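Letters A, B, C and D mark the chains in the order given here, with residues in each chain numbered from 1 onward.
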Amino acid sequence: MIKVGIVGGTGYTGVELLRLLARHPQVALRAITSRKEAGMPVAEMFPNLRGRVALAFSTPEEAGLETCDVVFFATPNGVAMQQTRALLDAGVKVIDLAADFRIKDVAVWEQWYKMTHACPDLIGEAVYGLPEINRDKIAGARLIANPGCYPTAVQLGFLPLLEAGVAEPGFLVADAKSGVSGAGRKPETHILFAEAADNFRAYAVGGHRHWPEIKQGLDSFAGQPVGFTFVPHLTPLIRGIHATLYARVTRDVDLQALFEERYAGEVFVDVLPAGSHPETRSVRGANTCRIAVHRPQGGDTVVVLSVIDNLVKGAAGQAVQNMNILFGLPEDMALADIGMLP
Amino acid sequence: MIKVGIVGGTGYTGVELLRLLARHPQVALRAITSRKEAGMPVAEMFPNLRGRVALAFSTPEEAGLETCDVVFFATPNGVAMQQTRALLDAGVKVIDLAADFRIKDVAVWEQWYKMTHACPDLIGEAVYGLPEINRDKIAGARLIANPGCYPTAVQLGFLPLLEAGVAEPGFLVADAKSGVSGAGRKPETHILFAEAADNFRAYAVGGHRHWPEIKQGLDSFAGQPVGFTFVPHLTPLIRGIHATLYARVTRDVDLQALFEERYAGEVFVDVLPAGSHPETRSVRGANTCRIAVHRPQGGDTVVVLSVIDNLVKGAAGQAVQNMNILFGLPEDMALADIGMLP
Amino acid sequence: MIKVGIVGGTGYTGVELLRLLARHPQVALRAITSRKEAGMPVAEMFPNLRGRVALAFSTPEEAGLETCDVVFFATPNGVAMQQTRALLDAGVKVIDLAADFRIKDVAVWEQWYKMTHACPDLIGEAVYGLPEINRDKIAGARLIANPGCYPTAVQLGFLPLLEAGVAEPGFLVADAKSGVSGAGRKPETHILFAEAADNFRAYAVGGHRHWPEIKQGLDSFAGQPVGFTFVPHLTPLIRGIHATLYARVTRDVDLQALFEERYAGEVFVDVLPAGSHPETRSVRGANTCRIAVHRPQGGDTVVVLSVIDNLVKGAAGQAVQNMNILFGLPEDMALADIGMLP
Amino acid sequence: MIKVGIVGGTGYTGVELLRLLARHPQVALRAITSRKEAGMPVAEMFPNLRGRVALAFSTPEEAGLETCDVVFFATPNGVAMQQTRALLDAGVKVIDLAADFRIKDVAVWEQWYKMTHACPDLIGEAVYGLPEINRDKIAGARLIANPGCYPTAVQLGFLPLLEAGVAEPGFLVADAKSGVSGAGRKPETHILFAEAADNFRAYAVGGHRHWPEIKQGLDSFAGQPVGFTFVPHLTPLIRGIHATLYARVTRDVDLQALFEERYAGEVFVDVLPAGSHPETRSVRGANTCRIAVHRPQGGDTVVVLSVIDNLVKGAAGQAVQNMNILFGLPEDMALADIGMLP
């Protein structure tokens, strides 16, 4: 059994990790920390876990994280980087669901996250945990930077085009829509029900922290710096991301075959038949990314539609997938939930 | 492996049965029928099932239902009663998710369902599939009448009070609220998104078909005819029923202990601590009924709050639970999903 | 023109007052206060008001409230009672949308609101602003206690029954459901979109502050203390209250005629035809209360369904209605919006 | 008083016309037709209209449309073209809210709408009813083709860029999101609450009927054929369209000033301050289009955000605006509703 600790369990990625790990046959949940809620059973905060997760929140000091095999950080940005070195030194593997180790250029990271990085030397060692790209590196890693939700949906959608060199790299557009759980569980006015329900809006058009993360990936796929515009929107879903991607194709190619071949062996990427439109609910609660590729009216614009559950493939599910790879388990262990429809 | 057939798989109880049975380790799905959609892969209609359910819809004639071990009817009222005798004669067990065999008094049934019953002699044999009451009878049955969604939530909420004789039987009120999936997948104006979203209304105050089904149960628990008022409401949820029950207590009793003791051994009924308010989302996708009991300001009115997922404990999940009992399997096999929150 | 000031304009009742008053032909908006947001144009916080309301928030000191003809308090409980006396002394009429002057028994008020009342002597003078009961008193008042949202829906539903003495006063039940805007605009976890959407729950079953306010009214209608149970629920609406009321009739009476006659002259109470079920959306944005009365299956239980928009007839609209009465204007001036459907 | 008839009043544009026209001080509603519902009071179908609209549906034969001053067609595509000539001959002005007269090239129209046009000679006479472009022509017209919902939001967003010649015309992208009321009130499975709630999806990526309508406008603004990609999405709103528009700027220009100047005199187009993100709810129920323009990180991509209420500025409100222009009334008469927020 893998001994698992979770740091920061009071947000949505925390409860989602618990929902998935509680049914993982190779996992022994050892600790979940929250300094503020120490002593409270997690099932009191998250009643769906009643009868299924017996743990109570503990302080970081009591949690014994250094005796775990792996620790997940489901914390705000800037927390994992403070604690990672000590855990690695103790032989514990670390999977950070926040952004501390996602961006290789520390200056870029510090500019976007407005903090000084606490351990820049570990950034190079960290493996970006998108298994469809980095599976082998993940298997041998000590430290995994679990991708962001938008970056997962957008990168998986652009990947086949850029790897194959069939898209003009200078004008890539990602118009992305996220459910409100993506904004977290900390109470803020703009994510109140009466503000976000029956409402639709863009935000952060001037610049979103997932832009440099995505651009880093796209640059790498394309082998050159790309021109990339990213517009996120808030939509009245609880869960779900829908990324609509636009690019110009540079040569004639069977796009459907290109996508199907690229993802042929991937258990968690489902390329839909030509002409399809994936729905976010088809992956609600599931670790799947569903993708469709279109070329409207045979023009030179390609449109890729990519959907995930932001809390599963976009966060906790991908983190468990990475853990499975790290420990040599079947990649889909405890990740077999079928999307809940309706 | 239990060979399973499903009649009528194009509605919400059908797809939910598939979601649950696809992961059941003792089930081999043999056939799912729809005369109208014969030939179409079920995953084309329900994209969440892509890669998980390979079956296509078949006509009833091709389906080979008589070679199954058990057949679920996920059909409109009045269909199962036409086909049940032949299946029973062929040694197939039948679980009807519709109302054909729920009401023992055939005259009452025919009055409320406005049809002549096709096999009144089988009504007596049918076992009402509420395991918390009829577990032993279910184990030995050939024909299970799976309870309605409202009746499950309401009966489990009133049961301890009436069995113990602590509620005045003459003035029981159930104010129940249902998500819109309870109205089915057949397109009708009043359940369109633009009609049902951001809207709340009661319906059928003058008489709902679940009233006689619930009353039959309450009469039985109380050992006498009860006075029972039932007001259903439509609320903008996809899934979920919340029943708020009102009764007058006739003697002083520890209601919290009464409920906890009654359901002490039940894996799918969770009595919350005193003072709690169950949320429908805590059972979203799960086969659990969560119940809380209150006595506001120490008066003589008892208020019971009872929540289920109408498609799981209120339909497909309870049907699988009944199947597990019928075949001697652990009652929670393939029913271990944790409620999806958020 | 009536010079109007608003104290506390950053919540939902504040913006709704502005939406209504901005189109009131007899109103000159003079000031809206918010110490925290002083200087910010209200249209920056509430973009629906762009181009329609030019005011900026001001500090209470700068607002010149004592030069207004009427001041609305759209503040948390406990604020209006601090400032009312000075305004009344300056000849300003006061309409408090909070609870400071609603309950006549100051001890009861202090018990439920957990504060010492700042001006108990003014409670007696305050008129409870439910025009359907107190129209004449309102016309001559200096100080109006605008009713709560639940109390408006529940009292208007019970009123004809209790006034006519046809309901048993000992066992009245109000099962009420509210949209989330009723909880205000202050960020709290339980009213986040990802918590409150696709979810239904009761709350405060043990005791809600609107219970004593409603009971005070029902006692008065009945001419004796009533037994009253009140269970509020949170439902995924932005706006809307649906109250489902239960009582036992004590003698045979034409309930439909009783309701129609009681509300025959009321422009804002609409008694639906027999057999109807009012929808919250039919009053979305409108100052109307729609009511239907049922007697299921001819039994002795009467069921009343009563819907309002909690921000209009349940708050800001009723406050403007009271202002119109106070100043001798047509009662529906600036309140002619038709419910927005869909 | 302007005598008004409405053909086809059982859909959402019909009820919205009634909501607006019922409060129009210069309008006398004469008839609303529905062959199917003839005889039923409209307020029975749309309870928000109770007490405000006394009309019953009538058959087209009884309606006396030829005695009206203006007739609105709120019908499916292909109906208005059958009846328009007779009405024009009788001296009645016609405003078609469907697509029959929107596209000048009849061959293109017939290809996309899969019908033979009944009166191609009237297409040339018809004026495209976007007042911000065609105000003068509208004033003198007999026949108005009221624009589609997407076309209104998208054209108003691109207009300043293309008129000024600052966008590369070869690669214009409109990523548009619509509330579900845009799909109409006819019951279909994919717009059921349980299908469309908590779900997000694109549709018709291969080709949507609004594409040629929008392209016709953009070609005209640009003075040359443009390359235009249009991807519509369904989002869980009742009302609202959010269009996110992408183009490449060809020369340095103050985009904020460009937009502000273009719409300086427009009462129903509101250009937000630089850096803003318009919300659909800010125009809920209002005839306003709110627009913001961005140039992310100073690059050569311009992003325009444009929101409308699809039933108001995208349909019924714009139709009333056109009627006001036709009859020489103030353009905003009966269109002064403030967006309902929350």
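Everything that follows uses one rule, which is that contacts are C-beta pairs under 8 Å (C-beta built on N, C-alpha and C of every residue); 3 or more make two chains touch, one makes a residue touch a chain.
Remember, predicted model here, so these are calculated numbers, not experimental data.
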B-D or A-D, whichever has more C-beta pairs in contact: A-D
Far-end chain from chain B, centres as C-alpha averages: D
Chain A and chain B, separation of their C-alpha mean positions in angstrom: 36
Gap in Å, rounded to a whole number, between the CA centres of chain D and chain B: 45
CA centroid of chain A to CA centroid of chain D, Å: 39
Residues within chain B bordering two or more other chains: 12, 179, 181, 185, 194-195, 197-198, 236, 238-239, 278-279, 281, 284, 342
Chain B - residues contacting chain C, complex: 171, 173, 175, 177, 179, 194-195, 198-203, 205-207, 227, 229-231, 233, 235-240, 242, 244, 246, 248, 275, 277-281, 284, 294, 296-297, 299, 301, 303, 305, 307, 342
Of chain D, residues touching chain B in the complex: 12, 179-181, 183, 185, 187-189, 191-198, 236, 238
Contact set on chain B toward chain A in their complex: 12, 15, 19, 22-23, 46-52, 181, 185, 197-198, 238-239, 270, 272, 278-279, 281-286, 290, 311, 336-342
